[in-house]
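Have a look at these structures, which come just after this line.
Shared between the two complexes below is subunit A, which pairs with subunit B and subunit C, respectively.
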Partner chain A sequence: MIVRRLLIANRGEIAVRVIRTCRRLGITPILAASSADLDSVAARLAHEVVCLGPPRSLDSYLNIDAVVAAAVRVRADAVHPGYGFLAENPRLAAACEAAGIAFVGPTPAQLAALGDKLNARRHAVAAGLPVVPGGEADDLESARTLAAAIGYPVLIKAVAGGGGRGMRHAHTDAELEQSLPRAMAEAAAAFGDGRIYLERFVTAGRHIEVQLLGDGATVIHLGTRDCSIQRRYQKLLEEAPAPGLAEDLRAGMEAAAIALGRHLGYRGLGTVEFLFDCEGGRFYFLEMNARIQVEHPVTEAICGRDLVEEQLAVAEGRRLRLSQDTVRLAGHAIECRLNAEDWLDGFRPSPGRVTCARFAAGEGIRLDGHVQADSQIPPYYDSLLAKLIVHGPDRPAALARMAGALERCEIGGVANTLPMHRALLAHPAFAAGGVTTGFFERFMAEQA
Partner chain B sequence: MMAKIELIDVSIRDGNQCLWGAVALDTAQILGIAPVLDRVGFRALDFTSSTHMGIAVRNHRQDPWERIRMVRAAMPNTPLQFIGTGLRFISWDVAAPEFMQLVYERLVANGIPRFAIMDPTNDAEALLDSARMIRKAGADEVVAALTFTLSEVHDDAYYAALAARLSRSPHIDRLYIKDPSGLLTAERARTFIPAIRACMGGMELELHSHCTIGLSAQNYMVAAETGIAALQVALGPLANGSSLPDAQRVVANLREMRHTVDVDDRLLGAAAEYFSRLALAENLPAGAPQDYDASYLRHQLAGGVMSTTRRQLAELGLEHRFAELLQEVARVRADLGYPIMVTPYPQMVCSQALFNLLGTERYSNVSDQVIRYVLGKFGRPSAALDPNVLDRIMGHVRTREIAQEGAPPDLAQLRRRFKPGISDDEFLLRATMPPQQVDAMIASGPAPVHYNPRVRPILKLLAELMSRPAVADLTVEKPDFRLALHRSPREPEHVR
Partner chain C sequence: MDLTDHDVRAILQLLDASVFDELDLETDAFKLTLRRAHGGGWTREDRALKRPRVLEVPPAAATPHAAAPGAGAGAGAGTLEVRSPLPGTFYRAPKPGAAPFVEVGVRVGPQTVVAIVETMKLMNSIHAGAAGCIAEICAVDGEMVAQHALLLRIQPDPP
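The block that comes next holds the complex of A and B.
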């Protein structure tokens, strides 16, 4: 099968990103957009635009029937779901398959296996991966028993959740009692599935993930990323490879990720997330994201590959063009997510009109964005404006390049996180490398 | 007759060779358009030859095997073609058959499924030998050339007999009319193509006719009417001139004649535009449509050889004898049994004509290359040599010396010359190229893989500005475009 016409069922920077690869490959990119995005940068770059429905995500980007109907109407050979929205929805993948259209992603069965966090955990255990002690809790009573067994503090997670949404801590029985019903209600509202599970909370942990690429028969990895700079489980800055990691640990994580990929017979791009317990010196499987990640450019920078191109090749039914021994990782890359949020006011979203958008350019600097002067940031969707990515021969060079690049960027009209990233880059603990997921909270406290 | 016509693009190999001296187009520049070329719908791509592989090493310091692998990965749908001329790889020396067998095996293993084979004297035995070896190496498709020329012996019956012979081989899948000098007229094509097809037992025939004197655009249309399966074309600036007809023009003409061509027109345009932008960015000339030149049918000297010969005469102060030389070229060609004027023969025939013109007597001075040709070291000539000329050449002392030259070294002898443990791919380069060139290629490491002709001009501009610190501001304005550059007070980062 040859993909000639690709429907991109997403918006924002990832839509622009996929369009760019389409242009290079000679694929006709067709954007499926909500009515709020018909004048977006992605819509203007696409070859054709088809309207999915009204601005509200449920009526457009999350509407499976509308996406499949659009793909059929524009005679698309394949659907690229980007990340978020329906990217990991097995029903979309199955509906595409039924319509004879390739889904750029894993099989419906793989999506189902990984979308349910408890199920994913079972697969990880079966593949021999270490998991954080924990399990499912149906009610308060079973949660109390489980918490006693694994020990406080615990983390409450939604079984159907993802992207860090709906997670809560509990340090005591009383906190558990208070948080559990709210977590269940939130999970039911956000994911249509109120089931939750508990995990022991690792107090000093780093979020390290491994990029996988599979064709259903062969799975390879493209190295590690460190995503420990997070606020409420939302990643703000990522780097590749994960800094300051002993080689045996890095190799162990990569091997564990490959083991899971092989166990699943994985097809497409996927990310195996690990929690590295800095005190115990061990790592645990967290979850696997069955899609392209926001932070994929840092991996592209160090491996010199276009991951969207590789995704499309796999979707065309091809065997991997890379083998593990031909993957060469070089240098260090950092990505800063520039969000339309007021970082000094609780990260309050700041939609509106962008009056000025100037970004740095130059050797080793990449910008994946979707805004320009006069762009409208709609209030309906996430606040990501652009990702500034730098690559250098080593981490100090990459840090210096990022600091210089951030200085040369200017975004006006909407509050944004440019100043936060400048402050972060200047922080000695961050510059030293290897901070834990707790770092950002301390950093913010220092800003007050 | 309305037909479904396939296209084979020759831009990267033959277009590059005819118009850009084969030295343009490095790995990144090819990879920059490979995925688009792959989706156009070409039957195959004329991709490389031993000349191009040598240039990759010598001029680009890039591994030609790695280039094949990477381009193959980037274009899984379109077979890449290697064109070979028998027992020769990179070096002009004749190679042993087992050496060539290894060459073919490595080409197949690295990602070449289609081979075009040609012999400059249309030696059927030589073509059949090559086809057998290539098939043994595992190639999917072997396309043998009927190399076209004009002479007393090269009539329709001559080519029909050759086609009949080649098409009976189980190791040859297709034939193609290779008209390297662009001599085929529409009028001749009307008898020539049916005469050949009638003897091919249903095998498919392709046409490859250069634009040298502007004849090919029309004979391509005749070919479509007379049962050709595929036409070989080039893109944008790599078409016309001494290259092949322009793909977009051929498609438009075929459709005008109500033939079917199943290619993606938008991508065909995108690929042509890529090469146009690349030509602009790299200061490479674009092929232009050619004027008809009646004298060319007589001397058959392509532009490059013609200008070199004219320059040589001028250096000797003999420019006024150019017309005389062209007549002598035609005579030498007849004496030597009408070699087809394709490398290495034009150079050989021209220099012999020059010797004859300047010498006291014709053939008193004969080059080693002509002696080797006469001794059959290049294969069997198309027709008998003039007996008097043959006697004369055989009587030279030098002829006896060359006749005693030994056979090329065998594979085992060659392998012993290099350190053990090197890969076959490296061995084949080392066996045919100077060691310092192969060393330099290896020292250069993996070839760059990214190239975008759209940003080349701006990168060049930035690099120039960096070298001129006195320029603090630069503004370029034209309708719908404004570029303003301001020098940062801080030391700018290096721009490559």
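The block that comes next holds the complex of A and C.
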């Protein structure tokens, strides 16, 4: 099978980014968009746009029947789900398969195995990966018992979760009591599944992940990323490779990720997330994301590959075009997520009309965005406006390049996190490299 | 057809070696402005100009409209208004199918959560803000509300 017409069932910067690869490869990109996005930048760049339904995600981007009907209507050979929305939904993958349309992603069985976080933990254990102590909790009573067994502080996670949504931590029974109903409510609202589980919260940890690419038979890795700069489990800045990591630890994580990929017979692009316990010097499996990640460009920068192109090749049923020996990782890359949020007002979301969108350009600078002057940022979806990515021969060079690039960027009309990234880049602890996930909270406290 | 990053880098290399500080490139599909920045380096501004080719337009009735900020005004003298701090989707219950946070007539305290407004995937709890009874629920569950839209009215307790 050859992908000639691709339906992109997503929006925002990832839709724009997939369209760019389609154009380069001579594939016709067709966008499936909600009625709020019919005049978006992605819609303007796509060959055609098919409307999925009203703005609310449930009525459009999360509507499986509407996506499949759109794919059939435009005679798409394949559906690219992007990230978020239905990207990891096994029912969409199965419905595409049933309609004779390729799903750009893993098999429905792999999505089902990884989408349920407890199930994913079991697979990780079976593949020999270390996991953080924890388990499922049906209600407050069982959560209390479990928390007592694994010890506070604990992390509350959605079984069907991902992307850090619905995650909270609790240091005491009282905090657990307060957070549990909210975590369940958020999980139910976001994923249609209110089940949660608890894990011991590692107080000094780094979030390090390994990029995998598989074709169902062979699995390779494309190095590590460090995503420890997070606020409420939402990543704000990522870099590749993870800085200051002992070589044996890096190799250990990469081998563990490959082991899980092989155990699953993994097909497509996936990310194995690890928590590195800085005090214990050990790493634990967190979860595996069965999709392209927001932060994939930092990996593309250091490996010199277009990961969407590789995804499409796998979706066409081809074997991997690169082997582990041919993967060369060079230099250091950093990505800043520019969100429509007021960072000095509790990260208050700031939808509205963009009046100015000017970005840095030049050698080693990439901009993946979906805003331009006069863009309307709707309140229905996430706040990501653009990602600024830089690549340099080493980390200090990349940091200097990013600091210069941020100075040249301007987004007007909506509050945004450009100033936050400028302050972050100027912070000595961040510049030194290897901060833990607790760093950002301390950084914010210093801003007061 | 828009320019790739590769194209833009090639143009920048030419510009860098030139005396020019700005380049404007416009077709009916896109507009690109490259400018030399004061502190060195370049900036770019892109605009996609092509009108999207939309294959299917949803029935107009299906598009929810945001309730105007003043909607529902006029009811109940002496009541306190609870307004939305942000534009977003108004929810009366913590999750689909669950019991609503409050009903008309229910007693609330200042910290009681009376609703949720979801903006950019963020659930914002809406607090009553005063002790009293729910007098009226003005916004519709699951519908878009504008910033400062009236959500509920509360009959405050007598002082």
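In this text, the second predicted complex is superposed on the first by the 448 of 448 C-alpha atoms of A that agree within 3 Å, B and C clash if a C-alpha of one lies under 4 Å from a C-alpha of the other, contacts with A are read in each partner's own complex, and residues count from 1 in each chain.
Please note the rule applied: a contact is a pair of C-beta atoms (placed from the backbone, for glycine too) under 8 Å apart; a residue touches a chain by one contact, two chains touch by 3 or more.
Note that the structure is a prediction, hence the values are computed from the model and not measured.
Taken together through their common subunit A, the two structures put subunit B and subunit C in a clash. In the superposition on chain A, contact is made by A:349 with subunit C only, not with subunit B.
In the superposed model, A:264 makes contact with neither subunit B nor subunit C. With both structures placed on the common chain, the touch criterion links A:404 to subunit B and to subunit C.
In the overlay built on the shared chain, the residue A:50 is in contact with subunit C alone; subunit B does not reach it. Of the two partner chains placed around the shared chain by superposition, subunit C is the only one that A:74 touches, whereas subunit B remains out of contact. Shared-chain residue A:86: touches no atom of subunit B or subunit C. Within the superposed three-chain model, A:366 lies in touch with subunit C and out of touch with subunit B [touch as defined at top]. Of the two partner chains placed by superposition, subunit B and subunit C are both touched by A:24. In the superposition on chain A, contact is made by A:39 with subunit C only, not with subunit B. In the superposition on chain A, the chain among subunit B and subunit C reaching more residues of subunit A is C. Residue overlap on subunit A between the subunit B contacts of one complex and the subunit C contacts of the other covers 24, 362-363, 404, 408. By the touch criterion stated above, subunit A contacts subunit C in their complex at residues 20, 23-24, 35, 38-41, 43-51, 53-56, 59, 73-74, 165, 181-182, 184-186, 188-190, 192, 194, 340-341, 348-349, 351, 356-363, 366-367, 372-374, 379-383, 404-405, 407-409. Listed in rising order, the residues of subunit B touching subunit A in the complex are 35-40, 73-74, 76-77, 264, 266-267, 270-271, 446, 449, 488, 490, 492-496. On the subunit A side of its complex with subunit B, the touching residues are 2, 4, 24-28, 304, 309, 313, 318, 321, 328, 362-364, 401, 404, 408. Per the touch definition, subunit C reaches subunit A in the complex via residues 1-2, 4-5, 8-9, 12, 34, 37, 39-58, 62-64, 86-89, 91, 94-96, 98, 118-123, 142, 144.
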